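Shared between the two complexes below is chain A, which has chain B as its partner in the first and chain C in the second.
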Partner chain A sequence: MKFITIDKKNWTKGIDKSRGTYRLFGPVKDKNWCMIKELDGDILPDMEYNESVMSAKSVLFPQSETILNTSLNESVEDHHIMKRAKNDYTARAVLGIRPYDAKAIQLVKMNFDTKEYKDPYWCDAYEATTFVGMAITKPGPFDFSTSVDSGPFCEEGLDILLADLDDSFIAKILTPKGESFAAACGFDSTIDDKESQALFDILRKEAEKNINCRVETDKLKEKNLLDLHGASFWDDLAFSCINCGTCTYVCPTCWCFDIQDEAKLKESSRFRNWDTCMSPLFTRHATGHNPRGVKVQRVRQRFMHKLKYFLDKYDQGIMCVGCGRCVKSCPVNIDIREVCHTMNTYEKKD
Partner chain B sequence: MENPYMPYPVRIDDIEIATEDKSLKTFKFVFLNEGDEEKFAYHAGQFAELSIPGVGEIPIGIASSPVEKGFVKFTVFKTGVVTSHLHNMKVGDIMGLRGPLGNWYPWDKLENKNVVIIGGGFAFTTLRSSIIYMLDPANRSKFKNIDVVYGARSPGMLLYRDELFEWEKRNDINMHITVDSTDDPSWKYHTGFVPQIVEQNAPKADQDTYAIICGPPIMIKFTQPSLTQLGYKPHQIIMSLENRMKCGIGMCGRCNIGKELVCKDGPVFTLDEINQTPKEY
Partner chain C sequence: MDTCIKKIRELSAELLEKGEVQKVIGFAQGTIPMATSPIAIESKQDTEKLVFNSTCGLNLANYASKQKGKVAIIAKGCDSRNIVTHIVENQIQRDQIYIIGVPCTGMVDKSKIATLFEDEITGFTEDGNTLRVTSSSREEILKKQDYLRENCLYCTHKNPILYDVLATELVEEQMLEKPFPDVDRIEALDTDAKWQHFENLTKNCIRCYACRNACPLCYCPTCFVDEAGPQWVGKGQNKTDVNTFHYLRAFHCAGRCTDCGACVEACPMGINVRDFTRKLNKDALELFGWEAGLDITKRPPLDAYSPEDPDDFIK
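Take a look at the complex of A and B:
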């Protein structure tokens, strides 16, 4: 671990220099929004952005990704025998990823990188990626990251953490991957560790002070899973939901996907797409039977998965990093903070 | 890194119409590459994804038994896009097979126990696999009494009829074959629904007896009380569940019942375990 300082005058030059070895991704203005995109050509990341509509999960887990393909032409050798799609896993870096989004990638990792199976597409992308975080100095009104083991300066999952000092960045280099990226940019002005850490601590405390929302999750673990599942509050809670699925797409920790095949002429490919537990098709059997055919069952599934199943299964906290995107984007104002509070304080009435 | 999405290439070696209404066919596959059969080593009760390039994948219970070598078999009901396509495929066609997936019936725990197998309709595939496995000369002595209750709508809808009638003649397995109804005067087996036949014919539970159930939800629902009446405790009732699946390896997120994933933590659960989860299957 070490600190370096980066004069903003040298930022562009350094970033451009790294393009020789890294594919770059980062926040880019898109109409009225900010999106995380590949920084093709000479596009620069917008390091002043407040929040991006979508998280950076797509850098490792694209909305649509080809996983296998093969020829259906019987005159071709190896026809109908599937091969892994050729995807690009050269080194890439995400610039300006928010600390809670980097933490979210660590939670998603528990799903894709397991003892029994490793998802090679996600794992290879993860291996290839350097996460250059941008600390949050002005948290948005929906940010409750400090309630869920993250926060504006959380280092979990990051290789570098940057803090903005108006005319320069201070970069805390956290891992060898971070060191390599800084070297590729030519950023090498080291500064005193103790002083820099003290400055980081001051900035962190300032930022944390601006997060006004606190969500308690402490009692979720001890609640009985079936009691919560059978609780009467779900009907009220799900009443306004229109099952649009926005919450699942903007969520940095939602990882559910669908697998589909496609054939064009004699070439076929199998790909996976983001899916959503809000859709009735998500669980509908071929017979028509649907274990979560009713809206309230799907809304309950989403919150139970995030706030109870995940917690019980991994014992690593809840599956939420407090970014607040789902709260901000929900067209009918369903608020995970309220749901969490309802679940955390639920007492079964006999 | 092993790619768990990569199917083994297989060739369709044989296709057999399995029921009188032709809605089920049994497909026999052989592996194209030497060594893949060993890699596909499976236990009775597991499933696999049948993978048709350009069409899709479907999770299907393995109907062949680990003691049958040189091929794998699946009996498939024609119902959706992939199964309909499969029903139109022919011997010699190349496709993929991904697995084996999921857990299996708890064969270690069932050693030195009486086993009652209860199946209905076309959910008899992994049960066939299990019976062949238990009746294998190398395995039969590991189990005490074996009872099988198997029912279908009509005689022509019973799967694996030749084998059923062969087993019926043996004295190391008690078969209780039933049909909902039949106008065939020569039908010499039971008539009636599975739960009723279970109640009348299945052995009463003692601590050394376990029941394995696989069937449509309605059959499972009505068989449970019959077993309870016979004294079976929830931990002695072993069930195989189905849910919509895609990945089969616990990642895509749709087949969960509570925190358990049917594809990876199941499909085999005891009723005891199922009672701890929401009934989302």
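Take a look at the complex of A and C:
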């Protein structure tokens, strides 16, 4: 771990220099929105953005990703045999990722990279990626990251953490990957560790002070799973939901996908798309039977997964990093902070 | 509009107390500024939760048809037109629904207001035509007229078409010389520019289908995009597939869309999907003299035979 300072005048030059070795991703302004996109050509990341409407999970887990290909042409060798798609796993870096989004990638990792199973597409992308985080100095009103083991300066999952000092960035280099990226940019003005850490601590405390939203999760663990599952509040809570799945698509921790096959002439590919437990199709069997056939079951699934099943299974906190995106994007204002409170304080009445 | 909420609550309480309806479907205050949430009220005490203001942009007709028993519903002009459409299309029976009509002065364009601020909005209140919007850095006093949603700006049916009771006085309807200036603008583009317009329009679409799910017209048990046997459209982020969804959905709404704006209200990506449906609304008006949801006795033009049909092939 060391600190370096980057004069903003040298930022663009350094970033451009790294393009020789890295594919870059980062926040880009698009009308009123900020999106995390590949920084093609000479597009620069917008390091001053408040928040992006979609999270950075797509850098490792695109909404649509080809995973296997085959030829249906019978004169070709190995026709009809699915082979892994030739995706690009050369080094990539995501610039300006928010600390809560980087933490979310660590939660997603628990699912895609386990002892028994490794999702090769996600793992290879993860291996290839350097995460250059941007600390949040002005947290938005929906940010509750400090309630859920993340926060505006959380370092978990990051290779570099940047803090904005108006004319310059201070970069805390956290891993060898981070070091390589800084070297590829030619950023090498080291500064005193102790002083810099002290400055980081001050900035962090100030930023954390500006988070007014607090969500308690302390009692979720001890609640009986079936009691929560059978609780009476789900019907009212689900009434307004239109099952659009926006909440899961914008969520940096939602990892579900669906597999589809498509063929064009003699070329066939298998790809995966983000899926959402809010959609009736998510669980519909080939027979037509649907174990989660009604809306309330799907709404319950989302919150039970995030706030109870995940917690019980991994014992690593809830499956939410407090980014507030779902709170803001839900068209009917179903607010996970309220639901979490309802679940956390739920007492079964006999 | 603030004064009508008292009346809405009174009427709702009375209906529930007398047992005339099982539920009242209305809006509750949201947990964040400029947000409201559809709610079903079942007891007199809970009527206090009802609100009505310029942020009630979703269409409650979408919720009414899925209920058992008789329900009351708070209906703006556009909601009432979708209730008419539901009745005509047999999604709901007239005697199953009690309509508390609210003559409407328009809903605000939340994303237009949001773009005035660099940071997040932390407060929103309204008083008649005055909106007071605050963020952590400043406050803006706005005229509601200047921040109406586009569909409200062009709305010529602010008063409910069909109702059992009104929550407030009828408002004056506007006459528009050009009812579709937005469509005219797109129609005037050359083919390439038009194509580009629609390509740009949908480029950020994440296929969440919030637009479809918020729409009262989209009640099919299985939408064509969700059908797997046969599969009509690819499910990935391929441009053609994304656009196919939008084009086909728009055509499924032709002659039925009331331009309530719920689709745009719901879209998390700020996509004005009304650019598709509005063109078909314009065609319906110009070709068939038809506006959706105005008459409980008439079937929509694409669903009816008429010797006056402008196309020869049908005669």
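Here is the rule we go by: the second predicted complex is superposed on the first by the 350 of 350 C-alpha atoms of A that agree within 3 Å, B and C clash if a C-alpha of one lies under 4 Å from a C-alpha of the other, contacts with A are read in each partner's own complex, and residues count from 1 in each chain.
In this section, a contact is a pair of C-beta atoms (placed from the backbone, for glycine too) under 8 Å apart; a residue touches a chain by one contact, two chains touch by 3 or more.
It should be emphasised that the depicted structure is a prediction, and the values quoted were computed from it without experimental measurement.
Bringing the complexes onto one copy of chain A puts chain B beside chain C with no clash.
Put simply, the three-chain overlay gives an angle of 90° at chain A, taking C-alpha centres for chain B and chain C and rounding to the nearest 10. Looking at the shared chain after the overlay, A:Asn87 reaches neither chain B nor chain C.
In the superposition on chain A, A:Ser268 makes contact with chain B only, while chain C stays out of contact range. Shared-chain residue A:Thr246: touches chain C; no touch with chain B.
Once the two complexes are laid over each other on the shared chain, residue contacts for A:Trp255 go to chain B alone; chain C is not touched. By the touch criterion stated above, A:Leu72 is placed in contact with chain B alone, chain C being left untouched.
Of the two partner chains, neither chain B nor chain C is touched by A:Thr12.
In the superposition on chain A, contact of A:Glu338 is made with chain C only, not with chain B.
Contacts of A:Phe112 after superposition on the shared chain: chain B is touched, whereas chain C is not.
Of the two partner chains placed by superposition, only chain B is touched by A:Tyr309; chain C is not. Annotation: superposed on chain A, chain B and chain C show a minimal Cα-Cα gap of 6 Å. Applying the stated touch rule to the two superposed structures, the overlap between the chain B and chain C interfaces on chain A comprises residues 258, 260, 262.
Within the complex, the chain A residues that touch chain C are 30-33, 35, 50, 53-54, 62-64, 138, 140-142, 236, 239-240, 242-246, 249-250, 258, 260, 262, 271, 273, 276, 279-281, 327-329, 331-335, 337-338.
Of all the residues in chain B, the ones that touch chain A in their complex are 1-7, 9, 32, 51-57, 79-80, 83, 93-96, 217, 242-244, 246-247, 249-259, 264, 276-281.
For chain A in complex with chain B, the touching residues are 67-68, 70, 72, 79-82, 84, 111-112, 114, 116-120, 123-124, 225-226, 229, 255-263, 268, 270, 272, 275, 277, 282-287, 289, 291-292, 297, 301, 304-305, 308-310, 312-313. The residues of chain C lying in touch with chain A in their complex are 30-32, 35-40, 58, 62-63, 111, 114-115, 118-120, 122, 136, 204, 206, 208-210, 213-214, 226, 234-238, 265-270.
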